[in-house]
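Both of the next two complexes hold chain A, though its partner changes from chain B to chain C.
What follows is the complex of A and B.
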């Protein structure tokens, strides 16, 4: 006890605390000051850095086909005006960069980190205006599934199938399966019309309608068929194949079994 | 016990008078006494013992392939049972209603009563979805088993005299089953069934001159109208089932009248049937088999979704879903429409001729007609008027088997074309290449199948001949004193040899002038056909061949 009081005489008991507080206040305050200037300039100053990063990535990975200034070459289309949404969709789902030229860009493991994808999007968007990446508020899945279902059947089902199981297009192209696709990418696909998909802009299908369509797709994805296994939702072909392989297979096996004894 | 015993007596002595009616002599157990008393009561009033005696003594041979027709029959019984349940709740009306059931994504959508009531069967009626799925899966199995049954009949030559008419009845049943399937597919008035009807509408409208009028007649106005579901319903639950039940009864009466065919084997001749009697063996076996078939269908129906109409939504003429196909049994017709090159149309004096519809319909019509009358064609070619109760092994009728293989290939190619889009997406092919490949397969495939099947049959017959004459390779290698190695052949036993040698050899018919000393064109055709059928053949081993072979050894 005596030792403690002796120390206390030399230095106030709260001195350490005060020191730490002052230290924290300086560093924290300084950081806050710095970061607030950064956030204030998100659209310009930070993305300036991001855009430059994106520019480098673009030059290294995309420019061979799309040209140094997005003007396009014989190998790839111009990207002027495609917007951030398009880049986010193509790169974020792994369709770009292409592994090879084919009927259609195939999905493969995503080649860039989220930051790099964002940088690429920012770079492409910085050169010319275009559809931007949907915000979280546009992507809620609490819309009207009934309206979404009707819109889906009328606008989407002829290629993607009523249950979003995908379908064939001409010359080896196809409409992909929609099960398990993130809402953001569904939205961006509608907005930008990637590959052979038509563009469904906001005048054609409003953001609310887009939300309803996403709601419908998520509903049928999260509520599996009450009838049991869905056989890929491929329709009567899968059902016919199933009855011929398993139904007839089981029946023939049993007829063989029933008549086996007498032989 | 008593009853079985009396029936057994009846088996031995067909002339015994009313054996069931005889008073029971041994049993003292109360239940047996009751059974015999009841049997006696019924028999004294209906004389049913004559029927039981006749039918109970009916002998059926045992072979797995003889049970395929039974599968069809039992699936049909399942369809009738479940279908009756469905009629209690289905409303065959196209009157618009607003759906207010428990399937959220369709709540508030305007649809026909048919669609709405089908959704209610699926979601509101207890067990309704299961029954609907049993009904639909049973329908798929029904037609599939009819198909297999027909293939068995065809490839074993069971359609020959005296069974030609039963082949025709069976084939008409097959066509009626397709009609039942299609009308049922169209009833729920969902997007899929409406798309199917639209194709029918297109085909009807493709009929020259009368097309539009016929379409308006069928649909009660411009497609889709408000009549078609009610009309199809009448066909589906009244007219078609009534005809099918009547024809099935006739089909089975013929089976009893003709007696069942059997494969060649020891003791089996053209004049007998070796097997088990209906009572007690076959009745029990068949009764049990009914429950097995029902069980398989119920198992499939409880685990696997079929026709999820809630995904398709109500019919609306504007949308068509990717992957819209008919049920498998209409696939060959859908495939034909997919394969016919587009733009085949001509306008002559103001009338449009849609060859892209008329050609497939004509080709399929001819195909169906050929299958229908095949027994008469073959009977005419062979000129064989004898009865045949012993089945052919497919190899012993090479040309028939080859024609069958060609027909199966043709059908299969058309059928696969109905899934061209699924083939394209799942094997990452271009749909155009799939269509072109199948177009080629429809024409070249049957030819290849014909020659391959014929050569395989002849080769197998040669092998059988070798086996019958020289026995099979025993695998025992012997070194002769001279140093030569030979493999010892072992004779097949008598029973096996019987199967190998007992078939009839047809030879091409000779052209002979008729009474007027003329050779008519039909005769030439017949001789040509006969030559085509029987020019390449392997003669069965005769007794002389065998004896010569034995003395040679």
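What follows is the complex of A and C.
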């Protein structure tokens, strides 16, 4: 009796996992179907209404710095040719609209809904051509993580840290950490070079290579470090501080205990 | 307690009660018996305060406490046994699976915990045992002189003298000198063999002064080695460049360490080009050595708005607009520029090698 109940217990978690997987597959599949049909519907009807909407939003929220016709002012750069991808990145991650002038635009709570962001992107893209928002097929995370890792170390790691933990630049600027960033925004950042990040166009890092880099980033994000605690992946500073405080602290405490007379 | 033969009265034990006077060991300390060595004795020295009165431990006074301490010690030793067994069990229960980095983590964490428990159990148990239960006596060993007795010293000189007379090494100079010669010559093969492991017929200064770049060599992408068209380098781009053919070189890494280049494109009007370098860039596309002139770290942190290049090691900052002049940090020289142009097919090529040695200074650098 006890054996059977034990067996039943053992099966339970597996059954739950299978059930969850089936449920996820259904809802995910359903959502994918729904969203693809939805975009198919809107893309045909999109254009004019969305661009109109984007134009109004732009005039109300962006034109003060970027000019009524995207020509730029002393307070902000021209947006001619930046493309939908750039707008989607800057607005979608909450960097724009800017709260204040500073060394670099900080990430803030996102100010616009997805529809508004899409409208703004469509409006800016309608005035001058530029990189477009990557499609879902470009963002699959099933690329070659080994190749992505090599490309990441050559092109990205010097600023963003080899584990994507971010790092300091000059005069208060910094390269942000890449863990937890949506694949779409990583792709758009490479494509458009936001702020002080250089541009990595499709001739430099091909769309397949970009997919591999995203795969690598997601791989190191989803797999625990074999070495144990990462301590923020910041390298010798964090690790040195840890050893100084806890390692040497333990040695001092043990030494005090060793030499103290027993009461 | 080990007694010393030469100074006789240098050991005393203090295990008395609260009165602080040595009585159980039977002999008081006699500091005058030991040599003061080189210590300077000042006339107004403070009197030796002596040893503080002996304080008994709770385990000496209370048998109950002693039993508790005993229990603690053997519990720690049993814990150590448990830790060792746990480590063996963890090694088997959490095997390392090559496909799962997380398994390495589990394996090392539990194995480490087990071994830590095993070692710490023995160590802490032994120290606690010694501190709370072992005999509580304080002893003093007085330092004895290092100098041997005169008899021993005279005998040593005599032995050397006898050796000289018996072997005749002082008298038979031909034998002595040929032996010295043989001993000097013996390590020579080792020196030559070890020298043979190093580079041959190479002048390090010459090697450091030249890279793989030569006239007409295409600029290719790191790591794929694909050539780059000038039209593909958009403004604000940063390309990591290796010379054409580097991936096929037998000494690929040595060559890459010198020839690595960062290619950037800025607005041509932003560039302040000095005389003689007018045709080194191509429509705002510039190529600079990636090896820092300070101590050779790869300088590749390109800020595309400020056009500054930052070295991550010591924060040397170079201004791409002014031919990578140093604007901050410990570097003393600008990054060497690689003169580039395009070939007939539109691919970027080098006009020549760097016109100065890349990387940090060395003695022979002019």
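A few notes on this one:
Keep this in mind: the second predicted complex is superposed on the first by the 211 of 263 C-alpha atoms of A that agree within 3 Å, B and C clash if a C-alpha of one lies under 4 Å from a C-alpha of the other, contacts with A are read in each partner's own complex, and residues count from 1 in each chain.
Methods note: a contact is a pair of C-beta atoms (placed from the backbone, for glycine too) under 8 Å apart; a residue touches a chain by one contact, two chains touch by 3 or more.
As the structure is a prediction and not an experimental result, all values here were calculated from the model.
When the shared chain is aligned, no partner comes close enough to touch A:111: not chain B, not chain C. Touched residues of chain A were counted for both chain B and chain C, and B has more of them. Of the two partner chains, chain B is the only one that A:230 touches; chain C does not reach it. In the superposition on chain A, A:148 contacts chain B only, with no contact to chain C. Look at A:221: by the touch rule set out above, it reaches neither chain B nor chain C.
In the superposition on chain A, A:258 contacts both chain B and chain C.
Residue contacts after overlaying the shared chain place A:198 against chain C, while chain B stays out of touching range.
Look at A:61: by the touch rule set out above, it reaches neither chain B nor chain C. Of the two partner chains placed around the shared chain by superposition, chain B is the only one that A:160 touches, whereas chain C remains out of contact. In the superposition on chain A, the residues of chain A touched by chain B in one structure and by chain C in the other are 150, 154, 158-159, 167, 169-170, 225-228, 258, 262-263. Taken in their complex, chain B has these residues touching chain A: 62-68, 71, 104-109, 122-123, 129, 133, 137, 140-141, 144-145, 148, 191-192, 276, 285, 289, 292-293, 296-297, 300, 302-308, 311-313, 316, 318-329, 331, 418-422, 424-425, 428-433.
Residues 55, 57-59, 101-102, 104-105, 108-109, 127, 131-132, 221-223, 228-229, 232-240, 264, 298, 300-306, 308, 310, 312, 315, 317, 328 of chain C are the ones touching chain A in the complex.
Chain contact summary for the complex, chain A toward chain B: residues 103, 145-146, 148-150, 153-154, 157-163, 165-172, 174-175, 216, 219-220, 225-231, 233-244, 246-248, 250-252, 254-256, 258-259, 262-263. Listed in rising order, the residues of chain A touching chain C in the complex are 150-151, 154-155, 158-159, 167, 169-170, 173, 193, 195-201, 203-204, 223-228, 257-258, 261-263.
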